[in-house]
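In the two assemblies presented below, subunit A is common to both, partnered first by subunit B and then by subunit C.
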Partner chain A sequence: MRSIRSGISVYTLGLPVLLVVVLGLAIPSFLAPQNLANVSGQITALLIVTLGQMVVALVAGIDLSVGSVISLASCLVATQADPLTGVALALLLGLAVGLVNGAGVALAGIHPLIMTLSTMTFLQGLAFLILPIPGGQIPPSLRELANGTLWGLPQPLLWCALCAGAVALLLHRTRLGLHLFAVGANAHSAQLNGVRTAGVVIAAYAVCSLLAVVSGIYLAARVAAGDPSMGAAFGLESVTAVALGGVQLTGGVGSIVGAITGALSLGLITNGINLFGVSPFLRGAFTGALLLVAVCVQRRRSVGL
Partner chain B sequence: MTTNPPPAAAPAPSAARRALRWLFALPPAYLGTAVLLLLAAMLRPQLLSMFLLPLIARQAAPLGLAVIGQSLVMRARSIDLSSGGVIVAVSYILTSGYFPVSDAVAMAMCVGLGLCVGVLNGVLIVKARASSMIVTLAVAMILLGIVIALSQFRAPGDAPEFLRAFARQRWWGVPLPVLLWLAVLVPVALLLRSTVFGRYLDAVGANPQAAALSGIPYLRVIFVGHVASALVSVICGFILVGFVGKGSITLGQDLALNSLAAAILGGVNFGNGKGGMAGPAVAAFMLTFLFNFLTSLGLGEPGRLMLQGAIIAAAALAWSLNRGRTS
Partner chain C sequence: MSDDGAARLPRSERPPPIELRSMCKAFGPVVALRDVSLVGQAGSVHAITGENGAGKSTLMKLLAGVHAPDAGELRIDGRVVHLHSPAAARRAGISTVFQELTVLPNLTVAENLLLGREPTHLGWLGRGAMQAEARAVLARIGIELDPQRACGALSIGEQQMVEIAKGVSTDASVFIFDEPTAPLNRAEVDKLEALIGALKAQGKLIFYISHRLDEIFRLCDTVTVLKDGEWVATEPVSALSADTLITLMVGRPLQALFPPRAATPPGEAALDVRRLTPVAGDASASLLLRRGEIVGLGGLEGQGQREIMRALAGVLKAADCDIVRSARDARSAPFDPREGAVRVVQQGIGLIPEDRKLEGLYMDLSIADNIGLGVLRGLGLMRRARRDRALLERIAAQLQLRARDLSQDAGELSGGNQQKVMVGRWLAAGVDTLLIEQPTRGVDVGAKAEIYGLLREFVAQGGAVLVLSSDLLELIGLCDRILMVRGGRIVGDVPAASASEEALLALALADEPVAAKAAAI
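Showing the complex of A and B:
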């Protein structure tokens, strides 16, 4: 039962392992500490968003607005002089976006694609309003948090561990976590069994937006600037990563491990394409082909979405 | 589009209230278009001139066509996000000069490509049971990636003269692309209304399991929907290439998500068998008019995007809340 619910299969676990083995054997510089630090830095942002996307996918939703939330968070942090104000503002905003998305989907019954598409457009505009061109100031204390090392380990790993740990606690040690799976598997049954489905869905979107904000703060700290179009690609990339990790977009099936392996696979593909010297323009084609293979080997029962 | 009768227990509503209820039960595209036209008449009357209005309708044609394909697959609880990739590939085949063939052959190649994409989408979704969202997204990524990589070596060339002339020409004052849009729209609408396939499509969307148990070839219905949608994307590509007159790798990239928005604003929703073909067509015009209207207000990019998002959300909200009350 557990393995059915987690969506983990040989393929989801095997893909990142295979990628590491192939890259490690083919390119000696892949395992160099410098490259590994690079990879972990690149994957961290995607991993954090993917965790959020996974939570929303658990309740059969999808959040396309995460990309704009990332951009907006980076702009907010970059335009505030005090790092604490910036971070607090960004988190508050993330919470508000999540509540709006969740309320639109759960209370008003708007399809998640259309709801998050409209918030995505709105927030993209807001980001351009706050910071028309990339720039701004990131306080050194914040930059240190994303680029430094702690006990010899690169800081990005700490961000990953904290976020994954928090989501793991949420999913497996709280009532809400259980309810997320219940609502995703069968919303009607969950409701009949006394689960307040609307609240659960709203909470899922709020968690997703908050994680997107964290990812945006991390990215801004890493590149030491805000950028109103920084996150644009993350909406579809996080959906891709979630699908690579065996999470089902129809709800009820997914796991932390799946989200991590999905983000890891996608990040390793990018890194591998760089290292192999393949034209970066072909990266999309490679990712797409891999994605096709990955979803086709994980046969589902339902047809369609 | 049938409206539910008012509940019997409620006191008989006045004629005005009934009319209002009927109005609100229409897909949001109709009311939205009316409000937008009214606002434009007050703020920017020149948008409604006989010169600009056909131009806006012409600009709406690709979206209007794309939403036909999108609504076909949405009715069967599927989704097609591959149109951006198909359009870029069409643009490359027609304009790169990489294929030294006549324009007619190049266009035939485009149709062939659309057929291949549609069949691939359909097979993977129906046979491999892969998520249609991921499959069509991945196909779009592959096509776009290949075209971008290839076009590094060649500057984009000009579009075939035939397509450019087609985009410019008017018959009886109506731009040809609009006529083409209608020429696809009307048969498809009739097809849905009065053929077995149309009934199958709604049955599959309403309840795939029940449809399968009733002996409806439901996998084939979904498959056909995807092939049709990909072919429609090719036609969109032809029109867009004709508009721009040159090859471009950014052509039609917003069409996939906009067609989704237009389908939903036009009253089509994933697999509830509701909504005709007129609603989405009006929604396509509404969105295109909205983009033009916001641009004409001179708001700049931020304000335009924010208003656009807010208006799509408001229309979807009005529609959802109203649907929740009447059903």
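Showing the complex of A and C:
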């Protein structure tokens, strides 16, 4: 019954479990602590973006600009002498990008694909302008935040938990969260009920961009450098993860659990391919095929049917 | 006199809660309202009625903040007000139950009830308070629904009751109901009428938009009639008879709403449904539909009549069936709707669904395209619709469509004209058996008679029609025979000529304590 809203099915939950079992059995080194730490480090960045992408998908949108936001955020942090200034600048940037994306979609009526494609291209250019080649300085304090451990747990896990917890609170404990689902199911009906739909859509894009910034900061801290093409793959990967997680791109259906399982599945596939020693080019082909299969097996339903 | 003198005036001299002055509204070139003025008094139920496209819904949408008027002014309690949004109208004390369901399927009953006015603290939802408030609202109104249930899992009638509960539970002084009873069964209609009575007793102003004369006479104190976007009359209901009201609405004397039944007995069978089990494990139904007759399917909501219809149309995949289909040339063959809706249509059976917007018409396509779909079916890729222009023109004339021309979008048409376009599509396709759900839902009196006439003409030319309707009077007036459905079974086969509402209702309910239950309804 609740799956009318969450989109969670046996497949969304089963896929990551299946992948862990298969990888664990087939490749002994998969379960080695070193590899697990490596995988969770990789998945963290994807998961944080995916959470944002899911929020935008809830209002039937799509945000392709997250990749460029990640890159630009990493460059900003890496080129500022003071890490706090860098982080603050990056967050401000994320807020601005989200507001522009949201306003373009909700107020100017531009299709989300075109709107975020424009900002994606624009921001990518800016990133190369600020930092033409990977490099820059990341202070040790920031690096520690992404690579160390806290209370015996790897730090990346903390980033995941904080972001997922924050988005969960947003979705289920705030009025905005309820309105995201309402607008995604039927914007017109929501408006007739007094929901300010434009504001809700703008907020969704802002949340998404802010999470992309967080992901960018995390990545910069993790690799101890800024990189103008660091996030390039994340735009489409986050959309893939969202779809794998049972989130409907037509709006109104999605969940935190879906975003997590989606990102987890995609990250595990990447890791598995690496461990198998298969050509990284095949990874793309494999992911594409898997996405198609996963979306086909999941019983697709638009809201209301 | 002091500034707040108005509040101390005797009631009759207080400014009315709602006053509309010379309201005008046009959508592009189409004028929806022209110079309409209206006064609504507190403690009264004010009906707004009129034919399709008369402007009733537009007028109410101006009050509900959905549209802004082009000219004219709205006064609430004597003060001029501009409503920019539905939220603004709500803040101004106007609560609306819209004609289209605005219940969101992915939200729970409680969330839907309180959407837009959630109990919050600095943006944080009070989930507990929401549950409690929803429970209280449902209890007060007498609806037994779990507030935690997702609305998408409810029946249309239940969703409409949620919609009504949402409107009624708002702390407002003006309530608007736009055709609220269409998807409701009798028990639910009674609940609604009790609610409206209670609101009236509290001194609220209620605007009630309806085509249904019986509702206007039973519920309302005053009636305003609109026609073609203009004000025709505002009268106390007690001063009117049904005939005079219809004359005001239609602008011409009342012709018989229903066409005469066929004088000749029905012909060969078109569909012989020997056994049909729509849902595995449920009851099976059997029925016979002959050429030249209109057969009605009636019953209380959710008794399985809709499933029978949908299974026959191939929309719902039946669990089991044994059906013989006879074509116009009297050749018979087994017919299995489980092969899918496309095969069903190819065998000359067309469905006109209840939800025209979702399942019937392409609202963004022209009338010509919507009708032409019937002709294009099954033809080669290169076939162009142009050749069929003459056919389309002929059908449009037969339908008595009220539209600018055939290139007008179906979405711009009134409910009655949309329904005619649906009929036209199947006429163009040369279908000889029509399955039609709620043929006149959201259709005004004038267009109703025309649609009934179209269906009668269709069977007179050798077609057969199976009608599903929740309006017993419609079934009695339109059909030749009425099949009453209860628990998925056909429990009665009544000639419409001798049917009465009471007898049909008794069949719909149960055999034994008929009188008691009928009295309770």
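Following the convention adopted for this analysis, the second predicted complex is superposed on the first by the 298 of 305 C-alpha atoms of A that agree within 3 Å, B and C clash if a C-alpha of one lies under 4 Å from a C-alpha of the other, contacts with A are read in each partner's own complex, and residues count from 1 in each chain.
What we mean here is this: a residue touches a chain if its C-beta (ideal position, glycine included) is under 8 Å from a C-beta of that chain, and two chains touch if they have at least 3 such contacts.
No experiment lies behind these values; they were computed from the predicted model shown.
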Review point. Just subunit B (first), just subunit C (second), both, or neither: which does A:T119 touch?
Key: first
Next item on the list: Name the contact category of A:V239: first (subunit B only), second (subunit C only), both, or neither.
Entry: first
Tell me the contact category for A:R143 with respect to subunit B and subunit C: first, second, both or neither. neither
State whether A:F128 touches subunit B only (first), subunit C only (second), both chains, or neither. first
Across subunit A, the partner (subunit B or subunit C) reaching more residues is B
Inquiry  = One more residue to check, A:G252. First (subunit B), second (subunit C), both or neither?
reply    = second
Is A:I4 touching anything from subunit B or subunit C once the two structures are fitted on A? First, second, both or neither. second
Going through subunit A, the residues touched by subunit B and also by subunit C turn out to be 303-304
Contacts from subunit A onto subunit C in the complex sit at residues 1-2, 4-5, 172-178, 181-182, 184-186, 188-196, 252-253, 303-304
Interface with subunit B, subunit A side, in the complex: residues 62, 64, 104, 108-111, 113-115, 117-126, 128-129, 132, 236, 239-240, 243, 248-250, 279, 281-289, 291-292, 295-296, 298-305
Per the touch rule above, subunit B residues touching subunit A in the complex are 76-79, 124-126, 128-135, 137-146, 148-149, 152, 208, 218-219, 222, 257, 260-261, 264, 269-271, 301-310, 312-313, 316-317, 320-321, 323-324
Note: in the complex, subunit C contacts subunit A through residues 64, 66, 85-87, 90, 96, 98, 100-107, 111, 115-118, 120, 123-125, 127, 149-150, 152-153, 166
